[in-house]
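There's a structure below that I have some questions on.
Labels A, B and C are assigned to the chains in the order they are written; within every chain, residues are numbered from 1.
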Amino acid sequence: MSVEKGEILGLIGPNGAGKTTLFNVITGVYKPDRGKVIIFGRDVTGWPPHRIAMLGVARTFQIPKPFPDLTVYENVLVSIKFSNRKMSDLEAAEEAKRILEFLGLDRHAHMLAAQLNVALEKRLELARALARKPRLLLLDEVLAGLNPAEVSYMLEKIRLAKKEFDLTIVMIEHVMHAVMEIADRIVVLHLGRKLAEGTPEEIATNPKVIEAYLGDPKLALAFVKRFRKQSGG
Amino acid sequence: MEAVQILRQRARGRLLTNIVVAAVIAILLALGIGSLYSESLGYYRETITTFMVLFSIVLGLNVILGYTGYVSFGHAVFYGIGGYTAMVLMYYHGVNIYLSMLAAVLAAMGAAYLIGLIVLRLRGAYFAIATIAVLEAFRVVAANINYLGGSEGLQLPATYYRGYSIAGYHGLMAVHYIAYFLLVGVVALGLLINLYVSRSKFGAGLRAIREDEDAAEAIGVDTWRYKTLAYVLSSITPALAGAIIAWKRMIVLPGEFFNLGLSIEAIISVMLGGAGTVLGTITGTSIYHAVKTAFLTSFPSLHLVIFGATIAGIAELLPMGIIGWLRLKSTRLRFLLE
Amino acid sequence: MVSGSLLFGGFVAGLVVGSLYGLAALGLSIIWGILRVVNLSHGALIAMSMYLAYLLTVMHGVPLLASILLTLFIGFVVGIVAYYLFVHRVLGGPELASLLSTFGFGLIILGLLELKFGGIARTLPVESSVIEVGHVPIMTVQIVGAVIAAAIAIGAYLLIYRTWFGRAVRAVVMNQEAAALMGVNVTKILMLTFALGVLFATTAGTLLALAYSFTPETGSRYELYSFTIVVLGGLGNPIGSLVGGVILGVAEQLTSIVASGSWGPLVAFLLLIVMLVVKPTGLFAKL
């Protein structure tokens, strides 16, 4: 599969389909048995994760992995330090504050990351990823466990970040309405293979997808209707 | 807090640490110089020498344990490597202490790199146990190889010390004073290394590794290179201390130089003060040394029991150490105490 | 060149001694695999049991069998108390805390042993005949011990994999929260498991004391051997422990036949490091 520059690609599929594994392969945590990973035109197959990160790839983790005994501010600051930009201490500190403000974490700046609740943890994951000024952002279920208000908030922030940083985004998600809403294209994985690919509309009406994942054809139609309503017809 | 304020607070904290570090070195120097001219300070010179030996190991250990989070239980192995390397050169080739120290530190750094190739792949308790195994392996080898003196070790004759002198003292008498000042130098080096780690991007990367190694990789930290560098750095001051003590005591013995107890004392000192802080190393080592010396004189037979109870107590009740505990109290303290 | 019969004798001796080592490691394996705690007091506990047996038999004239049983009982009780004092608080926290906590406990034991008994080597008053296999002497007491060790290892395996207690234990290992929700008293299970681990160490200690002399330091030798065996055999795996023990025992005995000097610990450490690098989960990882 491929991702076009500047698009938001949704990656969906039932549990165990291999979505996070795919992320791990892309970011170099796993080495693929066959095939290649090409990012920004370079063959990065077999590169260690930090080298791939240095190319301009940032990811969040499905179960957030904050630096627990560092404060929220320190979490973001470390990320900035390793984003390969020449910055003075002051510039780095200011950049950290900017990112914290952007995600509403400024109030909690000097709290230990271990003390955050789920919603704030997810925001910190996103903040840490954005702090790297990446070109490619990989979000792994960044909306999981959030209430509807939080979901809207995050989607808004993701849209804003994409525009401001000129990002290309791949999102693994289970929150169906969110990914259908925000993604330009969707890829469906099932049992480790690509099952289908296309616009949200096409995916929602694809019988194979419905069978494997959505399960209920009526639900699929409801999504399509809602989608059509949102895009005005 | 605004960015400018954050940096100002941090600068204040660093200034405080700089002052404390300078004060510590100054006090150590003053004591040494004083003891050169006053017999009555001789006892203090000896006990501070012991303190500085432990401190040297602690300063090395803090880099790999405190900042990087890798529990090197067998860290005394570098003390032993330093001691034995120096002794071999002094015993078989009459090399002076200064060159021997250089050789000792190079040997230890090389060993750290090679050992690291194997053990740094392991995490958590596995790493800890592997380092114990390495320490024991070195001890067994030293005890069984005749070139290294076997279980009786290697001993330098008094004639070896003829060339040394300082401030009117000669030969063996001079050695105790020279060793003292050399150790002050080692401690200063160790503190500088810790300050560097604390303030650099390298140190930030180490902390990230400690907190979550996978996430650290994901933000671009070359974890393997950083860990290896940390481990090599952590071997420097223990090795130098080992060389100096081998020279001062005139003998190396496998059980004494590859001694798990020494490692444990260093770990306790690091933990007691606060792992991953510079002030913590000073605090922890000072308190530990003071209490240990007091206990040894008051309760010699019970010392293992009390020792054990103290270790368990700290581990269960105050694992973040004194400075660590203070840093949790308020944001100001967090910036102030480095 | 070393004769074939000597090697064979060494091999058999290794089997016998190795079974005892395996039993010694069993306690460590259980505690490590189930509580995820590396019990650094393991060696001290083995030494403690040796001295307890000695105290009862030699210093108080209690008949040998009764002493052994009493020692086992005391060992189990010590395990329960130690759990609350040294283990409960550090569970689930940073590893360093549990390492140091158990280490401190071990030091307390060693300190008390040193205080009461001093450093001279002691032995239990046991008469044992010696048989020779390929010119290598093996005490019958060791053989009896080895058989008992194997039986205990098999019993431990059955306990963990065939009884309701074992099932509760495995549930706790897999998911503490879920197990608690299903009505399992997690603390009690963890405590009993720890005490069981201590009991195994105590048993091993008494059996070993029947064959060898001991000082307070003897425990640390078995502790390092135990680490190697646990890594060889896999965490929490009783049969793995037995097999690992045999592997180490054979390696140790054969080495001592081929090379002079006390290289046993070096062999153990080499095995340990090789395993840690190649397959840290052990040859037969189960839990």
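The rule is simple: a residue touches a chain if its C-beta (ideal position, glycine included) is under 8 Å from a C-beta of that chain, and two chains touch if they have at least 3 such contacts.
What you are looking at is a predicted structure, and each value in this text was computed from that prediction instead of being measured.
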Chain at maximum distance from chain B, centres defined as averaged CA atoms: A
Pair of chains ranked first by number of touching C-beta pairs: B-C
Between chain B and chain A, distance of the C-alpha-averaged centres to the nearest whole Å: 44
Centroid spacing, where centroids are CA-atom means, of chain B and chain C in whole angstrom: 33
Length of the line joining the C-alpha centres of chain A and chain C, rounded to whole Å: 49
Chain C: positions in contact with at least two other chains: none
Chain B partner contacts - residues on chain A that touch it in the complex: 27, 29, 48-51, 53-54, 58-59, 61, 65-71, 73, 77-79, 81-84, 89-90, 93-94, 96-97, 109-110, 112, 128, 132
Complex contacts: residues of chain C adjacent to chain B: 32, 38, 85-86, 89-90, 93-112, 114-115, 224, 227-228, 231, 261-263, 265-266, 269-270, 272-273, 276-277, 280
Of all residues in chain B, those that touch chain A in their complex: 1-4, 6-7, 201, 204-205, 207-208, 211-212, 214-215, 217-224, 328, 331, 334
Touching residues on chain B, where the partner in the complex is chain C: 65, 71, 73, 118-119, 121-122, 124-126, 128-130, 132-134, 136-137, 140-141, 144, 264, 267-268, 271, 301-316, 319
